[in-house]
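Two complexes come next, and they have one chain in common, chain A, joined by chain B in the first and chain C in the second.
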Partner chain A sequence: MSIPNDLKYTKSHEWVRLEDDGTATIGITQHAQELLGDMVFVETPKVGRKLKQGEECAVVESVKAAADVYAPIAGEVAAVNPDLESAPEKINQDAYAAWLFKLKSVNAADLANLLDYAAYQKILESEENQ
Partner chain B sequence: MLIFEHSRPGRRNYSQSPAAAEIVGIPQNLMRKVPPLLPEVSEMDAVRHYTRLSQKNFSIDTQFYPLGSCTMKYNPRACNSLAMLPQFLARHPRAPESTGQGFLACMYELQEILKDVTGMAGVCLTPMAGAQGELIGIAMIRAYHESRGDSARTEIIVPDAAHGTNPATAVMCGYKVVEIATDKEGDVDMEALKAAVGPQTAGLMLTNPSTLGVFEKNVAEMSKLVHEAGGLLYYDGANLNAILGKVKPGDMGFDVIHINLHKTFSTPHGGGGPGSAPVGVAPRLLPFMPVPVVGSDNGMYRWLTEKDIPQTIGRLSAHMGNAGVLLRAYVYVRLLGAEGMHRVAEFAALNANYLMAEMSKAGFEIAYPTRRASHEFIVTLKELKEKTGITAMNVAKRLLDKGYHAPTIYFPLLVPECMLIEPAETESRETLDAFVAAMKEIMEEAHNQPELVKNAPHTTPVRRLDDVKAARELDLTWKQV
Partner chain C sequence: MKATALNQTHRDMQAKMVDFGGWDMPLHYGSQLDEHHRVRSDAGMFDVSHMLALDIKGEAARGYLRRLVANNVDKLTQPGKALYSCMLNQEGGVIDDLIIYFLTESHFRTVVNAGTAEKDLAWMQARRDEIAPGLEIIPRRDLAMIAVQGPNARAKVWQVIAGSQAETENLKLFQAIFFGKYFIARTGYTGEDGFEIMLPAVDAADFWNALHAAGVAPAGLGARDTLRLEAGMNLYGQDMDETTNPLESGLGWTIDLKSDREFIGKQSLLEKPVAQQLIGLILLDRGILRSHQKIVIQYDANTGQGGGEGEITSGGFSPTLNQSIALARLPLNVAAGDEVRVVVRDKMLRAKVVKYPFVRNGKILV
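Our next item is the complex of A and B:
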């Protein structure tokens, strides 16, 4: 399974990338995309909304199920991916390119609590063996 | 072809009848400017159109339907014919009680029988569907806490295996949902429950047997835990048919329950009829029951209303809910009697366990192999997908070619590539054996002719539908008006 090793991850299968300008970009992982199957609808948070870490803030809906997306870190929503409304399948095509939203006013130190590549890989393996 | 495509201007179902007299005297301003968008077809065209559609349908009357009670069980014909007696059909819902004593007696007796079989103190028949039954149940829990001035209770606990309606109901009633995980055996994780229960707990919503097809072993302990914390217990009756007459939700400690009549009492559903979900309550929730319920004064039956139940949470439907469905359930329980209801549960469980054992022998992986099935069980096709790329969806579609409706797939979501199989109590051993044989054939095809399975169905009136496109480009009307 492809997991980029420059991102941070959560147990609930979100990825986070800290950008050079201090914002953080968030999406769902390839694994989450695979579990859900063909995406049909994405609901992103409103720009300007302040999120707490772990707060439900977006919904990804596939033909099989709707799943909540949780904010991996606290911050204020700076932008949402405009492509996903008309083309939710972009998440299926490349989960790491099709970001959901960007957060500003983030505390870079919060990322330290998230999973790195190896830790996330381990979680996927343990889920596999369940 | 749609009925609208058969339409020809001026064609009527009385085309051969003498021309009708023109109606005069309707003020011009009340006349419509454009004719209504209705199909114009002859009676014969209409009959053929709908008969043809019904022939294309996969139905419980023609094929084995291991979707089970979720969608619809066999509807015994006697229930239908007795509920359609002209005296029932022609009864006006607002007719005086004195002229509807027969109907009211049936409803009263149905309430009494449901109380007896579930161990609850009161039953209200008016909820129009399972989701409404849930809404009422949680609304009553809320009314109960509020009547005690207990406003600190803000959370409803819901296991992650629950039907999606459970958390939705809790949110609709203004509660925060706290999700509890499932342990490896398929039970609610007791440690997680202990951690979640507290003075903020308004209640716990539980389906037992659960959606994983297993009986929650720790239900007594769960009930004690929640009650000791001051919360109430809600029973989602989705799987009551597995334990009907054997274990009563009231005895398990539940304070409020809903019963899906189509699941347990064989009423029509799933496009075949409206829903109905009677709600039962423990003594402490009696004051909050929705109205109307049917009461009896010295042998005369009457509606109990707001006057009789002043703290009622209110009315949920005009009149008596889906009266026709309730009548069918009434006939069903009277036909079965107490002994028959026991047999419903026994045969439902026997059929599920037999089928589970045969599927296991045939090489299918059972999701919870250490557990006895309730009335349904789960197979996971995870390994098949890894080895062959064939998914549960593909297998489900291929089953249609073999003459079987597909079971529920991809629910519960906890189990990857799952099939939730419920044979129901009405199937014979031969039918179950034939289903296993069909599943075995598909398993072999998945290895030897995977394309055959991937492109199934091949023999149905329509081939594989593009459900992704249908969901992305929702198109619900034949013509833009």
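Our next item is the complex of A and C:
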């Protein structure tokens, strides 16, 4: 399974990319979209909402199930992906391109708690073996 | 986990497998939505071999079934004719829903749900011992069942089973026939035309592969559920079970209270008040309806109060309508055209009450 190695990950299957301008882009992983199957609804947080690390802030729903999305790091919602309201299937097509929301004023220290590529890969392998 | 004769075939087709009531079954083969659309527009096939066929053999078969099930088997006069029915307990709760085929006066065949098969068989044997001790009830795990569904489904089957067209093209809905090693029934669980076909399990993989080669798309349990929901067909365990009244579950049309036949559960049903109905919902706001969500009727946004409650029994995304739909159990004073609220997480989403089915034969009806 492809996992980009320039991102940070959570155990709850979100990815984060710290951008050059200090903002962070957040989505769900390829593994998460595979588990959920065809996406049919995405609810993103309101722009301006301040999130704590680990706070429930979005919902992705597939034909099969609803899944909560948690803020991987603290910050203020700066933007949400406008494409996903009408085309949630973009997450299935490319989970690392179909970002959910962007955070500004992020707490960069929170990144230290997240998983790197290798650690996330290990989590996926242990889930596979369950 | 239990596996059907097609288990390896599903895996070879890259199916995503899931545990479905103890059976290792395909959820989808890539995209559940694509499979849904293929069935509505062309032809798809489902492995339903996890369901159990039972042959009921003996002179007392019809008399036994008269007592065992809530629909009236005396409607079955022509060999091959099928009947959908509930099997009730003494309290009038639904043990299972099933299809009964009349083959001869001493041979009926019934198909029961996978998750309830053992419970059903135990119940049927115990009632047999009381009602008709000599009757044979024979589980047919040697058979596989494949449902081929969609507007082009029958034509694809005719391509694959040489000579079957002449014998089956005049089969009416809910009618079945033996053709060689096949038992071909014009039934289904999708709201589309098609066949449900039983055949020896050892021949299932070859038949499946031949259908695939003829252009029939494999479809998993995911699409099966969205198709049946659009078609407004009940799912056992969600829309009805042993604790619910079938008359409050949209099954009144299958319960024969008119004849003087004394079927199990009849007296209880006659004594029970009917206060609810099963009716359809279409979500007006953005979101997805799911089973067990609470419904508030006559909602007053100023007070935050409602005039009654209900519950979604089956909900989901309708690929054909491209919005969320549900079957819901609601008080009798709710009618098609009303607007209700559904509690989804922290929101009160608006939904319109409609009569189901939502979709039949590829056409949207709501």
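In the analysis below, the second predicted complex is superposed on the first by the 130 of 130 C-alpha atoms of A that agree within 3 Å, B and C clash if a C-alpha of one lies under 4 Å from a C-alpha of the other, contacts with A are read in each partner's own complex, and residues count from 1 in each chain.
Keep in mind that, in the parts below, a contact is a pair of C-beta atoms (placed from the backbone, for glycine too) under 8 Å apart; a residue touches a chain by one contact, two chains touch by 3 or more.
Everything numeric here is computed off the predicted structure, so don't read it as measured data.
Undergrad: Scan A:Lys122 for contacts with chain B and chain C and give back first, second, both or neither.
TA: Neither partner.
Undergrad: Just to be sure I read the superposition right, which of the two partners does A:Glu43 touch: chain B = first, chain C = second, or both, or neither?
TA: second
Undergrad: Which of the two partners, first being chain B and second being chain C, lies in contact with A:Val59: first, second, both, or neither?
TA: In the superposition, A:Val59 touches chain C alone.
Undergrad: Hey, what residues of chain A end up touching chain B and chain C alike?
TA: Overlap of chain B and chain C footprints on chain A: residues 38, 40-41, 63-64, 89.
Undergrad: With touch defined as at the start, can you tell me which chain A residues reach chain B in the complex?
TA: 35, 38, 40-41, 63-65, 88-89, 130
Undergrad: Over in the complex, which chain B residues touch chain A? Could you list them?
TA: Its residues touching chain A are 184, 410, 413, 416, 467-468, 471-472.
Undergrad: Could you please specify the touching residues of chain A with respect to chain C in the complex?
TA: Residues 37-38, 40-41, 43, 59, 61, 63-64, 66, 85, 89, 92.
Undergrad: In the complex of these two chains, what residues of chain C are touching chain A?
TA: It is residues 16, 27-28, 31-33, 222, 226, 286-288, 290, 316-317, 319, 324, 345 of chain C that touch chain A.
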